[in-house]
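One structure is given below, represented as C-alpha cells, and several questions about it will come after.
Residue numbering begins at 1 within each chain, and the chains themselves are lettered A, B, C and D in the order written.
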C-alpha cells in the first residue's frame, strides 16, 4: 500500500494494539495532534515486535530502523476516544520491510487513519543496513497480510 | 516530490524556520524521536502560513487541513542540535496543495530528513473541502519551488 | 499534604484512573520522563472532573484553573508498565481547592510518585478567581479523603 | 523558596536559558500545557549543568536525579512567545540540592511561572544517594543566588 492506495480494512490486520487517547494528546484545534498519531503507530509497532521478545533498546545485533513514514488522516479524533491499531507486514525486501497500519475506533470498522513505515534492517555494530536474516524474514512473512 | 523522489537541496526552499532541539525531544534510543519531526514540520508549516496573517485557530472561513504526511529520516539527530526547516509549496491542485520540507542542520547543506504534507482547503463552516480561492492560490504559487 | 508530607497510601483515594505507559513516554535516560508524570496527573484530574459532566474546554461559567503543582518522584518507571492514579480532594478553601494524587503500579501498593495540584475556581468571563459555589463545594467535599 | 514563597525576580538568577514556545506546546485550552513547563525547566536545568561538561546520559559516576518538583503557574502563555528561564541553586544539602527557576517573557520582568526542583546526588553504580563531592558543591554554591 502507498499513500494513495485504497483504505485498509480490519481483515487486513492480524495484530492489534489498543490505544487510549489522552486529553493531552489534543492540540489547540481541539483534536488529536497530527504528530501524536506517529506516537500511536510507534506504540503499535513496538508491541508488534515485542511478541518476538525484541526490546528497544535491546541486546540484539540486528535492529529495525525507521527509514520513512507515511500517514493518511481520515477522520479527526477528539478526546475521549478508544482506538485500536492494526499492524501487518505488507512487504519484505532484501534489507528492509514495510509495516502497514490501520487506526480504527475500537471495536468498529471506522477508519480514523492509516499509514506505512519502511524499516531498514541495520547491523547495530556496523551501523548500516544488511540483509534481513532468514528467521526474521520468516517472522515478518508469517505476520503479513492475510 | 514523493516519498521515493530525490533529496531536496537548500535552493529548493524560499522560506526557513529555525528549530532548537530540546533534550526532551529524544527518546529511549538517545536520538530525536520519530514523531517529534512531525512537530518540527508543524512549527515550520505554521510559521510559513503566519506570514500571511493566518492564525490557528483563527477567524478565517477557509482553512488548510492536513490530509496526509510523508517523511524520510535521512540522519539521526541527537541533542544538542540547531536545525532549520525549509518549506515550499510544490503543487497546487483544485482543492488541495502540497508543502515540501527539508530539515537541515543549521547553516549547512546536511539534510537530516525531508517530507511532504498534503493539505485540503476546507470551508470551516461547511466542514468540507472547497476550491482554493484565487488569492490563496496566488500566495501558494508565489512561494513555491524556485 | 505538602511536598514534604508523608507518602499517600491506597486507602487515601476513592477515585482511580488507569494509565498505560507508552514507549514514547521514556526519555534518553530510558525511563518515563519527569514532565510526562504531569500529563498522567492531568489525565487523572480530568477523569476525576468528568464524572460530574465537566468538559475541557466546556460551557460552564466557573472552571478550575491550575495554580500550582508539586510532585515527588518515588521510583522510576520504565516501559512497559501499567499504572493507576488515585485522586482525592484534600482541601477546599474559599476560592481554591487542593487535589492530591498517588501514582501506583496497577493493582499494587507500590507508590511510584505522588503530588498535589492547587486549582483556583475561576469565573471564565471575568477571568478571575471567585468563591467556589456551594454545589461544587459539595462535590469536592464528598470526594475528599476518606 | 517554597511553593508558597514570594515570587522570584530577575536579579535572583545568574544563568539564563532561552525557550521558543512551539505551536504544539499548546493544548485544547489554547495555551501552553501545564506539563510542558516541566519540559522547559528540564531544558534549562540541563543547560545549567552542561556548562560544567555534564551530559545526560553521561559517563560520570555521580549524577543529579530529580526527587521532587514544584511549579507555580503565574500567567498563561500562548503561542507565539519567546521565554527565558533563570536558574539558580538556592540550597545545597549533604546529599541533595535545590534549583529554583523563574520563567520570564524574554527581555522583560514579566514572570510567567516559577518553581523548584530537589535533586539527589546519586552514585550511578550503587544506585543510591551519596554525599555531594566537594568540587560539585563548589560549583553549585558559586552559581547560587546572588
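The definition used in the following text is that a contact is a pair of C-beta atoms (placed from the backbone, for glycine too) under 8 Å apart; a residue touches a chain by one contact, two chains touch by 3 or more.
Being a predicted model, the structure only gives us computed values, none of them experimental.
Averaging C-alpha coordinates per chain and comparing to chain C, the farthest chain turns out to be B. Looking at B-D alongside A-B, one finds more C-beta pairs in contact between the chains of A-B.
A straight line joining the Cα centres of chain B and chain D is 32 Å long.
In this assembly, the C-alpha centroid of chain A lies 22 Å from the C-alpha centroid of chain B. Residue positions of chain C with contacts to 2 or more other chains are 23-24, 28, 30, 33, 35, 39, 42, 56-57.
Touching chain C in their complex are the following residues of chain D: 2-3, 28-30, 33-36, 38-39, 42, 56-57, 66-73. Against chain C, in their complex, chain B makes its touches with residues 23-24, 26-28, 30, 33, 35, 79. Only residues 20, 22-24, 30, 39, 42-43, 46, 50, 56-57, 80 of chain A touch chain C when the two sit together in their complex.
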